[in-house]
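Down below are the structures I want you to see.
Both complexes below contain chain A, partnered by chain B and then by chain C.
== the complex of A and B ==
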């Protein structure tokens, strides 16, 4: 067989015969979770190349003291773009890709719950990425670091459009991530195979399920922060500008309320990969499944609680610091539990040092160090000494590269045979592993020392102090080792795709359902499923004489399978509640003391109350519409639906009227903090009402269309849920914005 | 007054508190007799007495420290009712399912509402200035706390929420209380102004608190908010961990018990493939 026909053979894998005629669209228009998963990973790899080059430029600049390769501005661009790209355009998409590919297979589903939403999520990634990188062509990329602290990121200090591109692109990516999180949750809840109860979920699936909750809770907080920053920058708002009464510290709070969970959003999937691979290559079930599963829940909750430890050097006061030292140290407990479980899984097992296992072992050891330096940062006094030094840089790279990149590489080596039907090379894989491990530790281990010696992060060069030169040189050499490893890895990917050994269905003798189908799986994933009675169905299938103990069905909730669309909307509502929660808290904080200029007292409460009654009444009418739909009375249903739309429209008109009156009196967004917070909060609520109205009109249109003229209208229920949510938000907004000033 | 003098002298034994403790103990023994679970009851009563008799009460009820009040609030709402419920015999039932106390939404609103309501400025002030409101506050916290915890700790398994439901119930309560804690911690205005300027320094503690302990009214409010934000959530988190243990260990409706026991030996054995 010559090379040419093999390549054709590979392409035959990528496309079905029917698709060859329109091959351009086959991958662009796909809604298959497997292809979307691969697209996520390929897009992530492309941005990895970009962010990797940026990292190399940074290391080249720092290679020798007083270097002039990059100027200070270019250097600022590089570390900002490197950090942002690596987190939002590499780590998250690649991990989402692995989850997207593996999760439905592992729970025995045909596809994700919402395949089209899934496609939206993946295509938002290149869209957001291109937006971010378009700043290179505009007035230059952002130069404010990946967390864009205010007031540096505000117009007076960053007057060019780089920060705007940064914020808008993260908003796009954030929306995509929330959509993916909703999809993962609803998929696990509604698409599980018969017998796959919640307690029988394999650890990987369980952890991805838990992680998805973190995604839908944390990302909206970032989205709220970003819209506030954009309102400041584009509409002259005053949220984070000190001279308008705003609070730059507020940005840090909101950002880290997202930023700390974000660390776990990318770490938990890495934990999940480790929890999947280590048992398979130790030939033992994981030690203490329940402890790993439960500690994940604890991590999810604790991670939302401890963000202020990123702000010890801000000057929040000893009192605040003390509480967050305690809470932050606590989070080491569930993480430590996991490390013990992975180690105990290997003890007494027959460990096979394949490439995926090597990467997991490397991840485990490197994360141990990253975790320990993390605990050291939780100690406020130590943090004051090492904050913003290379000690911190070394710490988080130990987590992001040492744990996450290694786990991703392990995961790709592990699941590539399933995705392509071909094995990757063990020989090249071991080269990649050792080059990566040596390179990683050369680069970052020495940075701990550099940091303790006082080298600050984010400064473009350094004086020729004793020891600094050679240590930075070592670090740069390490970076080139990692580059070599990455190039070799991509080469291995391409080589294996074309010429790898055929993998067979289950090359690793693994136990979860993704290995119960062909490699690559057919479009519908499974022809038949083995019976599922435990967390390792394939083990039970292969060893009928000594299967795993049956995991009993734990009551109704264990087999809980809600209606798909309602579950999707409720998950979306939870996420939206987080978004509005931040806006409401910001309103309360900024309006606790009366402003100079107009405030809540000047609003016309009575007029708004009348319009509010219309909105609240619309909740009643849509409820009547639902009842009519259930009883099959189509005419009544449409009438109540029309009434709902009218009432909603009246409310929006009322809001418009109020805005118009305020504008007439010169009250605009930038006038004072009250105006900024008022227009932001009521404006976003109004936007949601408009979205709800559009959804209602679509439902109405569908109701009038031929197909649904007589039958039930399943879309009505979920839209009604969303509409109720919009009304409930208004209860809070109305009480806080309009009624609170009356008693204040 | 030194700190040591204060800690030894500030114990006050309120008649109503002592009597209600005695009545609770007597009623328990009469209803359930002496059993192992009486330990929980004793725990509840000790915490109750400590909350309302120790120097914490002197600081809180005397209008000195908002944070001491918050500590009382947490102990009375979360710890005492939980221990009381745990002390009940496993066969005890709250009688026919009444909608009001068996509905999880009502339970949630009671638990979270007790936090928010009593920190509305007029109520918070009144609880210090009026003995009657103070008594109402204490009893309402105990009652609302019991209704909240009933969803988690009802003696009978079938009256409790399922573990995943309970995790959501507790987590959302933790979030709702955290939000209030965050507001109090960072609020630029005083949440409970009566603590900011103790009207009459009856016990002469003002100097001790401000000079020796260095607790200014602003810092005091911060500690109060943080108590609600962090340790209070940790109480919910502890309950969540207990629920997870229940979820993973409790074999509800194990239909295939035979198979279950038959192969108990195999899971830890190294596989021989």
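== the complex of A and C ==
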């Protein structure tokens, strides 16, 4: 350890000697997954301070009835920014940080599959966060709640720019999250150490792998919702405004189709942390590994099918409600399996009450309550009473704070020694734990009762009804305990970073690969890896007398290791399919009933058909180009590539011509719902064609550059894949927008 | 009787309104809640029991000691704790479905009252009689009335905890609920869907009274306002009709017929001003007229900068609107 006891000295210590002179630049320009992981966490922590202050202001305002500390608008800003910031700028970045740091180490990889994409993802977080907070300097932050229900979030009711900042910022963050999700999936698929089959993945890595699928499926749905809202707000679109035929309920469907999986996107990493830490400090492997792993798959699938349980009071009808009651109560089963297995892991173990273990125990019990109140919300009639009350506020904070924040704190106490080479203080850690536990339960336990007493959420003040005053007071006092815990935690971080005890490689006697290297690990993680034959390689290594049974290699899927770039593009295409899926569904929904003004019939099908043929033909030309590349015929390859670009260009020109004609006839985005949906769907397809064209031109430029005069052009395959996808989307769009009206 | 015993044993009926159901619809939900609480309580106890057993029954970890037996799970146990919860949620699903039917029966073709959420007040129109009121809904005791819920601007949500389910009011998507109270009384309700600046003060009072009293009240609501003869009140009426008041408010029997803000024909008979923010007292009324924004920031009624005399005349007039 170096003797420098300043914070910059310590930060510099995490770098290589060559980088220390330019340590700021080294951190800014890094593509190392470990540093990116730390950056994610530090950025998340910074926003945690902001969102925490907002929470305190909320609790101060609610401390006594009829309080006038904050005005209504200020209060409404505070809870909107608190919720948005905590979810998108605290929970997600901090968890992505832990995932980023631990996942490659745990699977024995040298780095993430796409280190530069990883750097893009992390820097989009402060970009999005600053955009969001810039609204404070513009006309004021959004005051619409974190789910921005329409029509309140539409221009007539929120005419200032706060909601625009909100939507654009979440779009930026959403794109960053998708890029991270793609990276996690491809990393697990392609970067695993030899012997690390999918079935041998430790539970943490397995759950992060599953979670990444949820990220790439759910976030594009949010992105689609956001662009639709922005089109409404900035281009006078009509998606969600009731006059003019739009549907406010549609916003809720789309938002929660993202929003509920989002809850699991931040909960599954917390499950993953618990699944990692509880066994280590029970000195036993997890009880029923396969069942915990499988329950995660079930949760991922079910979480995509339960969104309308957020909408039991919107009036969808009992039939629809019942479907979502069924799907939602079902999710309790795989979640219960997790809770039982974590608990059973401790049975027969030798429990070690370290700070990480305490946080995980707290998370287990608090999430138990949060999960059970979740079941009560899944039962529609109970939700009819408790929804939008403080009972709901208590429920989701039991999940977000009781489970997720506790798991994060446990995870940081657990992996900090690996990240810094130093231990955090067990003494301070226990103080943090108890202050946090007392504070959390004081704050939120009583809110269940407040909700049942009738207190609605998001009210800036309340009348002095029997019991309301003292219950809110208790809640506010709890918030101060949590503040004290947070300050103490940050202090412990800084203190330990400078003068924590040296950690050694494996301070907890843990069993997964991240502990098989130095703390902090060298730039490319490992000098040598132990043999991997089970899920706990270091246990096998340390206990040759009683190693874990070998996990047999289970065939092609188990050892599946696709080519990196193709895997990246295919995962990207899956996420894009979700985005277009929403736009296409919206088009079908809004054009199912006839409406006044122009519709699909007025479009010039034949002209567009000709341009479409050009686009479809370009799929053929790029295929020919790929064949030429494989056979080494560079001239042909370039010629076919040029043909592809030309055909794509003709298509875009055709689309431009069509738009121009429509504009000439007064058909603009805001004219009617057909125009709104038409321009949105074809416009986003056009944007993707343009992106594809740019990619093709870059490939062409590379093909002409000196370095690639001969030999293969690896970029062509993935770009061609993407180009085919854009064409396939057009098959759907053309059929629905142009052909469907013909047969109607 | 049985249910009242339940409530009494909870000793919190006065505070915890959801556990103090005052209608068959609310009671059905309450019954389900009790089942849920018992089931959840048992599950909670079982998991806490397993954790406590694990922590208390087995020795703690000691430095340097050999790690315990490395068990890896048990398929039978896994099946049991998958199957039993599956059974439990199936039962909860069936019970939920049953309760949905009881607590939220299908609506009749024609509602009794149309309730419309506005930023930030409630309008209620009695379709048969034609009475129009604001922020205070009277119902006859023991009779279920059908409500149609509409919204004039953004989403709102109608929720009277003691009387049953909440329901969002969605512009362009009418919803329906039933409302009923078994005992006479005044039940406080809220807007529970965030609807902008003054979401906090969008209360509604549901007043349940015996049939005859309700009929008397409804008849009284139909009577046009009498024009005051002489005094400040007459000046107040004149002022009301000259100033912008008539652009938003209606008073039956005068030239004011606008439907933008609350109907004021029987303003003085209401208990609250500003959808619950202050009591309807002479001094509060004067405060409101002097500057509504001072009483309820952001309310759609602007400050008309009336002189003290104008405030006094208007208030005198409005106090005649019994």
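Note that in this section the second predicted complex is superposed on the first by the 733 of 744 C-alpha atoms of A that agree within 3 Å, B and C clash if a C-alpha of one lies under 4 Å from a C-alpha of the other, contacts with A are read in each partner's own complex, and residues count from 1 in each chain.
Note that contacts are C-beta pairs under 8 Å (C-beta built on N, C-alpha and C of every residue); 3 or more make two chains touch, one makes a residue touch a chain.
Since we're looking at a predicted model, the values are computed, not measured.
J.: I'd like to know which partner A:593 touches here: chain B for first, chain C for second, both or neither.
T.: After superposition on chain A, A:593 lies in contact with chain B alone.
J.: Name the contact category of A:524: first (chain B only), second (chain C only), both, or neither.
T.: Touch status of A:524: no partner.
J.: In the overlay, answer first, second, both or neither for which of chain B and chain C A:348 touches.
T.: Both: A:348 reaches chain B and chain C.
J.: Counting residues of chain A touched by each partner, does chain B or chain C come out ahead?
T.: C
J.: Is A:602 contacted by the first partner chain B, the second partner chain C, both or neither?
T.: Neither: A:602 stays clear of chain B and chain C.
J.: Mind working out whether A:199 is in touch with chain B, chain C, both or neither, as first, second, both or neither?
T.: first
J.: Figure out whether A:320 sits in contact with chain B (first) or chain C (second), or with both, or with neither.
T.: In the superposition, A:320 contacts chain B only.
J.: Applying the document's definition of touch, where does A:557 land relative to chain B and chain C: first, second, both, or neither?
T.: first
J.: Considering each complex separately, which residues of chain A are in contact with chain B in the first and with chain C in the second?
T.: On chain A, the overlap between the chain B and chain C contacts is residues 283-285, 290, 326, 330, 348-350, 539, 543, 546, 548-549.
J.: Write out the stretch or stretches of chain A touching chain C in their complex.
T.: That would be residues 71-73, 76, 143-145, 149, 151-152, 157, 242-243, 247-249, 281-291, 313-315, 318, 321-322, 325-326, 329-330, 332-333, 336-337, 339-341, 343-344, 346-353, 361, 364-365, 368-369, 372-373, 375-376, 379-382, 384-389, 449, 452-454, 456-463, 465-467, 539, 543, 546, 548-549 of chain A.
J.: Give every residue of chain A touching chain B within the complex, in rising order.
T.: 198-199, 253, 283-285, 290, 293-294, 297-298, 301-302, 304-305, 317, 319-320, 323-324, 326-327, 330, 348-350, 509, 533, 539, 542-543, 546-550, 552-558, 560, 581, 585, 588-589, 592-593
J.: Note which residues of chain C are touching chain A in the complex, please.
T.: Those in contact with chain A are residues 12, 14-19, 26, 28-29, 32-33, 36, 40, 43-44, 47-48, 50-51, 53-55, 57-62, 65, 67-74, 77-78, 81-82, 85-86, 89, 92-93, 95-97, 99-101, 103-104, 119, 153-155, 157, 159, 161, 164-168, 170-173, 175-176, 188, 190-200, 203, 276, 297-298.
J.: Could you pull out which chain B residues touch chain A in their complex?
T.: Where chain B meets chain A, its residues are 162-165, 167, 171, 174-175, 178-179, 182-183, 185-189, 219, 222-223, 226, 229-231, 233-234, 237, 240-241, 244-245, 247-257, 259-260, 263-264, 266-271, 273.
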